[in-house]
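We call the chains A, B, C, D, E, F, G and H, going by the order they appear; numbering starts again at 1 in every chain.
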Amino acid sequence: LFNSLANGEIPMPDVLIVMGSQSDAGTMKHARDTLDDLGITHDERITSAHRTPERMVEVIKGAEGEGFKVIIAGAGGSAHLPGMAASETILPVYAVVPQSSSSILNDIAGVFSNIQMPAGVPLGYLGLSKAGATNAALLAARTLALADPELRERLRAWIANQADAVPKKPDFTKV
Amino acid sequence: LFNSLANGEIPMPDVLIVMGSQSDAGTMKHARDTLDDLGITHDERITSAHRTPERMVEVIKGAEGEGFKVIIAGAGGSAHLPGMAASETILPVYAVVPQSSSSILNDIAGVFSNIQMPAGVPLGYLGLSKAGATNAALLAARTLALADPELRERLRAWIANQADAVPKKPDFTKV
Amino acid sequence: LFNSLANGEIPMPDVLIVMGSQSDAGTMKHARDTLDDLGITHDERITSAHRTPERMVEVIKGAEGEGFKVIIAGAGGSAHLPGMAASETILPVYAVVPQSSSSILNDIAGVFSNIQMPAGVPLGYLGLSKAGATNAALLAARTLALADPELRERLRAWIANQADAVPKKPDFTKV
Amino acid sequence: LFNSLANGEIPMPDVLIVMGSQSDAGTMKHARDTLDDLGITHDERITSAHRTPERMVEVIKGAEGEGFKVIIAGAGGSAHLPGMAASETILPVYAVVPQSSSSILNDIAGVFSNIQMPAGVPLGYLGLSKAGATNAALLAARTLALADPELRERLRAWIANQADAVPKKPDFTKV
Amino acid sequence: LFNSLANGEIPMPDVLIVMGSQSDAGTMKHARDTLDDLGITHDERITSAHRTPERMVEVIKGAEGEGFKVIIAGAGGSAHLPGMAASETILPVYAVVPQSSSSILNDIAGVFSNIQMPAGVPLGYLGLSKAGATNAALLAARTLALADPELRERLRAWIANQADAVPKKPDFTKV
Amino acid sequence: LFNSLANGEIPMPDVLIVMGSQSDAGTMKHARDTLDDLGITHDERITSAHRTPERMVEVIKGAEGEGFKVIIAGAGGSAHLPGMAASETILPVYAVVPQSSSSILNDIAGVFSNIQMPAGVPLGYLGLSKAGATNAALLAARTLALADPELRERLRAWIANQADAVPKKPDFTKV
Amino acid sequence: LFNSLANGEIPMPDVLIVMGSQSDAGTMKHARDTLDDLGITHDERITSAHRTPERMVEVIKGAEGEGFKVIIAGAGGSAHLPGMAASETILPVYAVVPQSSSSILNDIAGVFSNIQMPAGVPLGYLGLSKAGATNAALLAARTLALADPELRERLRAWIANQADAVPKKPDFTKV
Amino acid sequence: LFNSLANGEIPMPDVLIVMGSQSDAGTMKHARDTLDDLGITHDERITSAHRTPERMVEVIKGAEGEGFKVIIAGAGGSAHLPGMAASETILPVYAVVPQSSSSILNDIAGVFSNIQMPAGVPLGYLGLSKAGATNAALLAARTLALADPELRERLRAWIANQADAVPKKPDFTKV
């Protein structure tokens, strides 16, 4: 259960990162790296809503039983993986659109395939590319931190570091 | 098999019309009516990619075995039913977006959720609302007519009637 | 703390619904009603990022201390409330855009003001209007259910009811 | 007729690929290659709706008589070739937009010139660029497979191969 | 020839207004009325690029021989009539998109189907709805006035009247 | 000069509101009313960049000499009045797009005709419709308040009133 | 006057190409080259609606008196030159948007600044970049050919050459 | 106070340029350079609405007291800095969107996050990238020139120089 982190057992990974293809890995790595920074356990799978629909159902339906608590799903173009994931689980699902290298129309399709879900199947859309993937991990962290005071502190520190890293004056010699 | 129409058996319906909810029925009726006009048999089902994902898989996966030859799928918003249907069958799938009564952003989402499918899972997009539904039926008719010379003649007649119905001069008294 | 629901105390409300103005209440009511359906406690506040920026900071910064666990934020046009909320708290923030009665450009502005947050400040975007508000409540429920097995069961029942409510056949007499 | 593949005659090519100019050939080659992979016969022609309108009418009107069963049409910008093809034949016509090397506005024009056909003239839109061309070939294959059990098996194998080629885990060392 | 207006013969109508269907007549009437205001002769025809492609070719190809000097073409959705007209004649062709009563996506399709013509086939796009139709007539008038000094004077008077009709102060009691 | 308000003379109006036609008056009235609320003097003129270009030049070029300090310009569709105003004066020019009653494409055209001015000719874009007109007046007020401490106090009071008018809780009985 | 070509005088140039800046020359050169190909005389001027508004009025107002018959106007971003030209002359004005090297938003602004002109001021929009400039020249040629049978023959030859240059088969070895 | 320029004191800088991150400095430098050209004093700060919200409030709220008269704010993506600035001060705020190096969707988000502010909080939007930043500085100059006759003359000279720099003829040898 959710308090397994507190009682000394080896925890199952908390976050499942799924993506539609290997070409999404470059973007989704930012989610993984951010989870690592925050000490959050995770696993990654590739499964395509379109090319491997049965495996997708298996992976998503199995996630809760495997002990995952949050799913981060990334897919581009007419992206159905995040929305289908949201319909096959009751875990929170956070969507990312890996930016297309070929056409902005792919990105527009990715965004709109995620942001107008019908009432009844919630999908939290986090954004495009690196920013989207990083933020999906951070939202997963905020979600998990609700029951994990230590993670909450690590998250506070991460945010404070981020604020400290913002310079107070622009450096025009570097532009 | 495909030549069942020629050998006197009672044919199974040829076209399966699936839609995500009852609210799509107003649009999808135009597909049904056009199929009726052309003497094409059909059946209709509601199944939601998001709210009834298991039933969707069942309905779509079963369609080929039930003897259907073409699937027409209609769904709006972040519309995943047509694309998921294309990934769960090897029958031709033709997509329609029932126009949203609430927001044009729903229609934009519907269009882009259908028109940027990844390579490997073909989905023929026919259009929005009445025109899209009518044309999905007509493309189903063209598809079925490849093996059905009588349907081909009915289709030719339909097209000729349509051309005849175009007046040669506008009537400005009616505007 | 998070396990207050388990130990018999009177729980603080779990979800804070903030909105930019009274005109957003019609949409945000769908979030409230969905939370009520699931037995989730909540409170609502109006605070405008633009017209009452100081109060906004107070309300959002105070939410964690008041015991809220999730924030649902709704604002339209150049919508800054959800993003600013995400930057003033470490609770999960879920954004909704109440549909504008005046111009679709307001809705486009609302969507894009929410979906391209910079890396570091996660905002989960749920959608427009009634569907968005309902889904924001459902994502809040999924989030809270991670630590609340009873809520998880209520949520499962809600989802099952929703699936059961999907008719199997369209009724063309009603269109 | 349609069963010519079964009775040992040398079949006429089944699929006609038409495109508006030589510059579309790079995209349309993906349709050709996919048809080759599936053992589907084809021929290719260039004919421009705008620069050679008479030849376009000749080519399209003649396609049925030449024994073609499906037409794949590719054109960009204010793309009229696919829609005009659909109006000059009763064969199924599948549209592809070769991605423009000059401006995204060309691609937007290509998409919208194809996806809002008036009721009465069905055009199945498959998508942009390589994905669109590949999928047009796959939809042609699904269409032809309705009357060709051997093609149906080759198509099933193609789909299974595609599924097998999806790795189960992302390889982050390759990004 | 073009100087027939100067030598006393009964002139053939100068402007051919073509439209895709009777439903376009409400918009195209504004072109007709403006031509009437300026004393320019005209005729109107309905011919659909999609539903009556052969008649379209006939009408457009015949226009030059019938003595028309300018063609105004109106069509909506994936509008191919204006562009096809431009490719079937060497007369100037001016395009109008009658505003759709059903969906803004129809208007967007109409605009983009007209404004990205390939190099080699010029189509002058004038705009949407009443303003587009009125301006198509005015551009026809400017075109014809190049060889018709009297029309040029009528046009100058029309422009002066239009300027005089602009009030110098807004009347806020009327809003 | 600018300090005329301080020395007892009767001041010339400070703000010139120009609009392209009477149909813009409904929107621009919100600018006028807001100026009145703040005790800022103003005058209004109609002048069309397209239908009365000479008068437009006269009005705008004359504004500085007449003693105006800020120009608010409103025009829709392919809106050239605000940008031309900015190029014919060195006073600050603030643009508003009155929302079109006919097509969202008019509003999109209005926005983009104002927001991508070339370097060298600054145009401050304030927004669409009532919100844009109100905000243009408020920005004029902020501009004038730089040299008018009393106006600055009236503006502070206006802002405080606005904040006070935001209710703290939504009233769901009114939706 | 318009018949000067017939009476042996040295003709004034027929087409005035105006553009907003030197950076537009790369695009507008395609208009010039096409006019040269067709033996149409022309002159070019730079004049900015925004940076040199007085000179713009002079150039455009003077065009008719200088003997020009058609104006081709090119400008990008919030492009006011073509529309202002249309309002300062009664000659036909054809608009081109030189493609921006910096942002697609500039091109969108250019298009919408040209295509939604108010009723009363006609502007024929020809398109973006090289295709737009070439087509503006071709529409000028069609316009001038109405009174110039020799130009009409040269234009017919140009069109025939263009058709002949379209290959009948794609060459896949060149892609 | 505002008259400090008149009484011989060392003036505080007049314009505060704020930006969300160092990556905006390349764009905002154009504002700084233009202010320098016009002899306008300025200071620059980095402060992020999202990553350093408290510092943002401090910087913006303090600007008036520090003697700044105009604020230029630049931020991209879901850009909240300019709008929040406008809500935290009564100084005029002019917004710029630094063009994104990653995705046009970031620029669209930046534009729409700025141009649909609610009534009550005025934000003058100047544009994208270099043109936007230059124009923000020029609008600041126009604003300050209202009370500074010498600046007004420098601004007139700048505008005249700009007009003189526009060549009268394009140079086609340079394209």
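Definition applied: contacts are C-beta pairs under 8 Å (C-beta built on N, C-alpha and C of every residue); 3 or more make two chains touch, one makes a residue touch a chain.
Source: prediction; values computed, not measured.
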Pair from A-C, E-F or F-G with over half of its contact pairs in common with B-D: A-C
Selected pair, greater C-beta contact count between D-E and A-H: D-E
Chain centre separation (subunit B, subunit C; CA means) in Å: 36
Between subunit A and subunit G, centroid-to-centroid distance (C-alpha), Å: 51
Junction residues of subunit B - those touching two or more other chains: 21, 48, 51, 77, 104-106, 108, 111, 115-118, 120-121, 123, 128, 130-131, 162
Those chain pairs that satisfy the touch definition: A-B, A-C, A-D, A-H, B-C, B-D, B-E, C-F, C-H, D-E, D-G, E-F, E-G, F-G, F-H, G-H
Subunit H to subunit G touching residues, read off their complex: 99, 104, 107-108, 111, 128-131, 162-163, 166-172, 174-175
Complex contact set, residues of subunit F against subunit H: 1-3, 30, 69, 90-92, 94, 111, 115-128, 130-131, 134-136, 138-139, 142-147, 152, 155-156, 159, 162
Subunit A residues touching subunit D - in the complex, by the definition given at the top: 19, 21-22, 24-26, 28-29, 32, 44-48, 51-52, 55, 77, 102-106
Footprint of subunit B on subunit A - complex, ascending: 20-21, 48-51, 53, 57, 77-78, 80, 83-84, 86-88, 105-106, 108-110, 112-118, 120-121, 123
